[in-house]
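Below, subunit A partners subunit B and then partners subunit C, in two separate complexes.
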Partner chain A sequence: MARFILNRLLLGVLTLLGVSVLVFGLVHIVPGDPVQIMLGDRASADQVEQMREQLGLNDPLIEQYGRFVGDALSGDLGTSIRTGQPVLTELLERAPSTLTLAAFALVIAIAFGVVAGIAAAVARNPLVRVPVQAVILLGMATPSFWIGILLILFFSSTLRWFPVMDDGSLRATVLPAIALALPAGTYLARLIRTGMLEVLGEAYVRTARAKGASGRIVLFRHALRNALLPVVTVLGMQFGALLTGAAVIETVFSRPGIGRYAIQAINARDFPQIQGTVLFVAAIFLLVNLLVDISYGWIDPRVRGQAGLST
Partner chain B sequence: MTAATEDLHLRSPSRLSAMAGAARRSIVRLSGFVRHHPGVAIALVILAILVLAALFAPQIAPHAPMQSYYDAVRQAPSWRFPFGTDELGRDVFSRVIYGAQISLRVGATTTALSLGVGTLLALLATLGPRPLGHAIMRVMDVLLAFPGILLALAVVAVLGRGIDNVLIAIAVSLVPGYVRTVRSMILGVSSNEYVAAARILGGSRIYIAVRHILPNILGGVVVLGTLGIALVTLEVAALSYVGLGARPPEPEWGAMLTVAREYLDSAWWMAVFPGLAITLTVLSINAVGDWLRDVVDPRSRR
Partner chain C sequence: MSSEDDRKGPVDMIATIKPSRRSFLLGTSALTVTGVAMGFSAVLPGIGVAMAAEPGVFVWGLPEEPDTLDAQRTALAVSVPILNNLGASLLYRDLEGNRVPGLATSWTVSDDGTTFDFMLREDVTFQDGTAFNAAALVSTFDRGLDPATGAPVFGGMLGPIASWEATGDFAFRIVLSEPYGPLLDNFAARGSSWLQPLSAAAIAASGTDYGRSPVGAGPWQFVSWASGQEIVLERNPDFNWGPEFLANTGPVHLERLVMRIVPDDASRVAALEAGELDYAPIPGTAYQRFADNPSFTVLRSMRKGTGLVIHFNFEHAPLDDLKVRQAMHLALNREAIVAIAVDGQGEPGYGPLPPSLPYYWPGVEEIGYGYDPARAGALLDEAGWTMGGDGIRTNEGARLAFNILTLPSSDIQRAAQLVQQQYREVGIDLTLDTRDIADINPLLFGHNFELSFMFWMDHDADILYREFHSNQIDGGVNWGSYRDPDLDALLEAGRTATDQAERAAIYQEVQQMFIEKALWIPIYNVYELYALNNRVEGAIVHPDGYLILNDATTP
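Then we have the complex of A and B:
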């Protein structure tokens, strides 16, 4: 087990290193002069040169990359051009809002996925099964930001149950979390449905039935537990999708989170903000997936033997 | 189809009745398809309407997409404006029709681009020199470490916003996943005996790739592509919504929703119809894609 964890840890560090090369390269593959883009057309040649010097863009690439990684490791993700604030400080200010939203959405997605997935797989009554399947199909086809807009239209503008704008309260997190949970929830529901249908045909389920176990025990103790295994693997991926999906949902609900910060940074072409955010989110994503991998290896001993590289 | 062409070549004097028979047979076949796959039939009809609307938008749309009627600003749906008008008095119905043009063009181009590059890289990774294969897969592993649309956002950051840059960005962000999936399809096909036989008989790698592997993964790739268009449509709309892709006043569905968000209290139709268009499009493409998957790989039938 220790060997497995070490293996995964090493893999994670290597990937993060690759990510850092890419994020560092962002600025250098920009067509045109990034500094000119950042400062706008009105900037004088002197100002541009001064900014280049300040950002260290005149040094050799290797040196710049070394400094980039060194700074990042010591908690310095650069300074925003627009606000003059350290990017890490800005990110940490906004992280709680996004993490609360994503965690909330993850809970809703899992709850919906399990209930709808089981219902779509085992419900005999078409009055239950057909609407559930319709909701799953619709959920896959509906843009989450449009659901967000519709939720605002019904529950905030018309019924006035929830605040239209974010006021920092947990109440204001309900609607955006539902909208954000939609794609992940329907994805999980489909996965669980397929898993359940597969597992219910297995010999050990038949054995349990033959031994006289009640339908509920077979369903929950034998079938669901095994149908949930593949779900654990995709949870990390889904959490990542929630983190980036938040960019759009935060814009819809005007929430001051990391996602909206990223969109604003791209719109303003504030490269330190962009680089810092991409690195930050990718690092969180890698960490979450590392934890998922380790817990999966703990749940299912068969996984430990595999190195995990797709060669 | 073959039956129909054969019938046409019959020299019998009753060529007309033979043609009628062929027509009857194809109608029977069609009604059988509709009965067995009602959802797919509806989806195909919707897609046909969408494609026609996109192709003949100038002929079909009752108004020009940029034409403002200042006497009719933010009017509720009526006979004159079936989907209502927007904040500048433009016909939402016409704009939704023109939006189909943008969405279908971008969806098809992006998917073709990403799937083409992905398939090529997957072929190189499996059939090319081993170190190259390893290098490709390592780079893909790193790219897959960017969750969701983060990679697309990073590419837009480099290229700058605009619908064509979003197209490229989404294509780039989809390539790593496609390389992985197509690669496993290739590995699956390569384990077949006919590939080993071709190899033993001295077939070159390129010959085997073109003659044996590509034809056998084509079905799977087509399914990936169909479902890919649905995914791309959703992502393009989302990126346009946040202002990175098409921007107002362009009649793109996502961009229309950006403006609609500001008038939510007074003009619900501005928010409802473009979103409905996205959902209907994606729903139909998904239905066709799922059906194609069942046809290509009957084992995956759910």
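Then we have the complex of A and C:
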């Protein structure tokens, strides 16, 4: 197990290194001179040169990259051009809001996925099955920001159950979490439904039934447990999707999170902010997937054996 | 990470559902979502408590977050209303537009228009307790004009400033290297918050964090800034003055001013309607809705600058031909463009300056270009461009076709498509070249374009100097390379005159010349729309387009 974790950790570090190359390259790939873009129309040639010097853009590329990685490792993600604040400080200020939202959304997505997935797989009554399938279909097809606005109009504007704007409370996290959870939830529901239908056709389920096990036991002990395995696998990926989706949801619900920070950074062409955010989110994503991999190895002993770099 | 690909994997539900059931499905989905939300709400305490606004608190919705509240370092217009409340100006413009005393009780301008003497109030302190005096202004100017500060706006607003000094404890002098007419207006305009005096002690005390803990001399003092969420100001109890056109010349009546950052238009509208915001900008599409709502007053003021203009490259033939340019003015139905591009929340443009700027001359509405496609066609015929078989005019084998640079924003895109269609009707083929501003800038500065859409924001007619004086071709924003000694002379006279009547006469001539020579195509000027909750009493909307809260209360 230790070796498995070590392998995964190594893979994570390599991936992060790859991300750092891309993030670093960003400044050099974008069309136009990033310094001119950052400083705007009225900047003089002197100011541009001064900024280039200040950012070290006149040094050899490899030296710049080395400095970039070195700084990042020591916790320095650069200083925002727009605000003059350290990027890491800004990210850490906003991280709790996004992580709370994503965690809340993940719980809702799993709960919805399990309930809707089972219902869609086993319900015979069309009055149950059809609406469930409809919700799953619509959840897949509807952009979450639109759902978000509908939720605001109905539950905040009309019923006044929840605040329109985030005020840092748990109550204010409910609607955005639902909106954010919908795509992931419907995806999980489809996955569970498929898994359930597959497993319910297996010989061992028939055997269990033949032995006289009740429908409930067959469903939850035999079918669901096996159908859940692939769900654990995709959870890490889904968490990444939630972080991505947060950008839009945070804008709609006025939440001060990392997603909105990224949008602001891109609009303002604040390269240190953009680079820092990508690196930060990539690190969180990798960490979550590492945890998922480890837990999966725990759940399914077969995985531990094949934990080499090739997986 | 390919969550998109993953989703294509398992079973597809689509096959099991007929499209004809769509309306039914929408209903069930809303119900289910309702059910889920009800479940949550039952778990949380305090159901049904509306987030009612508190007495004494004014909640102001901002569309974006300021970069910094260091008045000299911010580059964003969104910082201006906050800084206006936090700080104070040397001069103000009253509700009729006249300059009136602020921190400066009186001022004189030397006959040659280069020396400005300000006499200052002696009873003002900054919110950190530091006294306001001429020395404070000197240190403010020292910092604002120090290249190391990197102030994006400060120096530009002072024009050709040569020196500044304290000529007494409460006497401050500015000397210019040549006359600069806009100077006093710059100290009085809404944007004067960029020039506001700052406490050197406060800046030294908070160092690099000053932009997150600003100190001013105004009616409101800084409390907190929660990133991405809100900026809170509270009443400055020691504020004991105010411009004379306000009833209240003591501390403000309100307790707290909360600036909430709400980037999404739809959410801002919802937050206003739910009573969570007292005041916020609204999109044009929501205008009627708030106008019909008795709980709100809609405040509409024209933006200090244009919504959209078309810029010519005068070195690109046939744009050097007056008749072609005139025809391009006459071919546009501006009313139709306003109705669609900005949902009717604008006015057709006729002259180079919008009516919201000082020295706008209303005569442009008489002599400016209206919609007359027949005359446009006739002018093009005269210029030698005759209608070709494909509906596009030609002249000795050349087609009357232009490439126009345009930005991806939705209002400009809608306008651009209408312009394209209207030009086609008179036989001009327009290709829309949509690019990001980062791509457009090098093309404009390199004079490497034919036509360009653009808009600008400023507060003085001197903007035309930067756009059209021939010495602004290299490095400036005279992208179209326009050269005309007569216009140069007028623009120089306009920026050096200090007398308001004299400047008005000069800029009237400039505006006439723009129309005679068809120098750029004003398409529309836009309104800025704000909704104000009627629970707020006594808020004053300045004609310059900002809200004054000194007299306001929220019972």
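To be clear about the criterion, the second predicted complex is superposed on the first by the 306 of 311 C-alpha atoms of A that agree within 3 Å, B and C clash if a C-alpha of one lies under 4 Å from a C-alpha of the other, contacts with A are read in each partner's own complex, and residues count from 1 in each chain.
Going forward, a contact is a pair of C-beta atoms (placed from the backbone, for glycine too) under 8 Å apart; a residue touches a chain by one contact, two chains touch by 3 or more.
Everything quoted here is computed from the prediction, not taken from an experiment.
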Next on the checklist: After the overlay on subunit A, what do you see for subunit B versus subunit C, clash or fit?
Outcome noted: clash
Next on the checklist: In this superposition, which partner touches a larger number of subunit A residues, subunit B or subunit C?
Outcome noted: C
Item to check | Touched partner set for A:191, first subunit B, second subunit C, both or neither | outcome: second
Item to check | Touched partner set for A:157, first subunit B, second subunit C, both or neither | outcome: both
Next on the checklist: After the superposition on A, what does A:274 contact: first (subunit B), second (subunit C), both or neither?
Outcome noted: first
Checklist entry - When the two structures are overlaid on chain A, which partner does A:100 contact: first (subunit B), second (subunit C), both, or neither? => result neither
Checklist entry - Of the two partner chains, subunit B (first) and subunit C (second), which one does A:266 touch, if any: first, second, both, or neither? => result first
Next on the checklist: Just to be sure I read the superposition right, which of the two partners does A:178 touch: subunit B = first, subunit C = second, or both, or neither?
Outcome noted: second
Checklist entry - Which holds for A:240: it touches subunit B only (first), subunit C only (second), both, or neither? => result both
Checklist entry - So, A:64: does it touch subunit B (first), subunit C (second), both, or neither? => result neither
Checklist entry - Is A:137 touching the first partner subunit B, the second partner subunit C, both, or neither of them? => result both
Checklist entry - Which residues form the common part of the subunit A surface touched by subunit B and by subunit C? => result 30-31, 37, 137-138, 140, 142, 149-150, 152-153, 157, 193-194, 197, 237, 240-241, 251-252, 269, 285
Checklist entry - Touching subunit A in the complex: which residues of subunit B? => result 134, 137-143, 145-150, 153-154, 156-161, 180, 230, 234, 237-238, 241-244, 254, 257, 260-261, 264-265, 268, 271-272, 275, 278-280, 282-283, 286-287, 302
Checklist entry - Within the complex, which stretch of subunit A touches subunit B? => result 15-16, 18-19, 22-23, 26, 29-31, 37, 137-138, 140-146, 149-150, 152-153, 157, 193-194, 197, 237, 239-245, 247-248, 251-252, 262-263, 265-267, 269, 271, 274, 278, 281-282, 285-286, 309-311
Item to check | subunit C contact footprint on subunit A (complex, rising order) | outcome: 30-32, 36-37, 40-42, 47, 82-85, 90, 93-94, 97, 108, 112, 120, 130-131, 133-140, 142, 147, 149-157, 159-168, 170-171, 174-175, 178, 187, 190-191, 193-194, 197, 234, 237-238, 240-241, 251-257, 260-261, 264, 268-269, 285
Item to check | For the subunit C and subunit A complex, residues of the former touching the latter | outcome: 1, 3, 6-7, 9-11, 13-14, 16-17, 21, 24-26, 28-30, 32-34, 36-37, 40-41, 44, 46-51, 64-65, 67-68, 73, 75, 147, 150, 152, 156, 208, 211-212, 226-229, 260-264, 266-267, 270-271, 273-274, 276-277, 438-439, 441-442, 445, 477
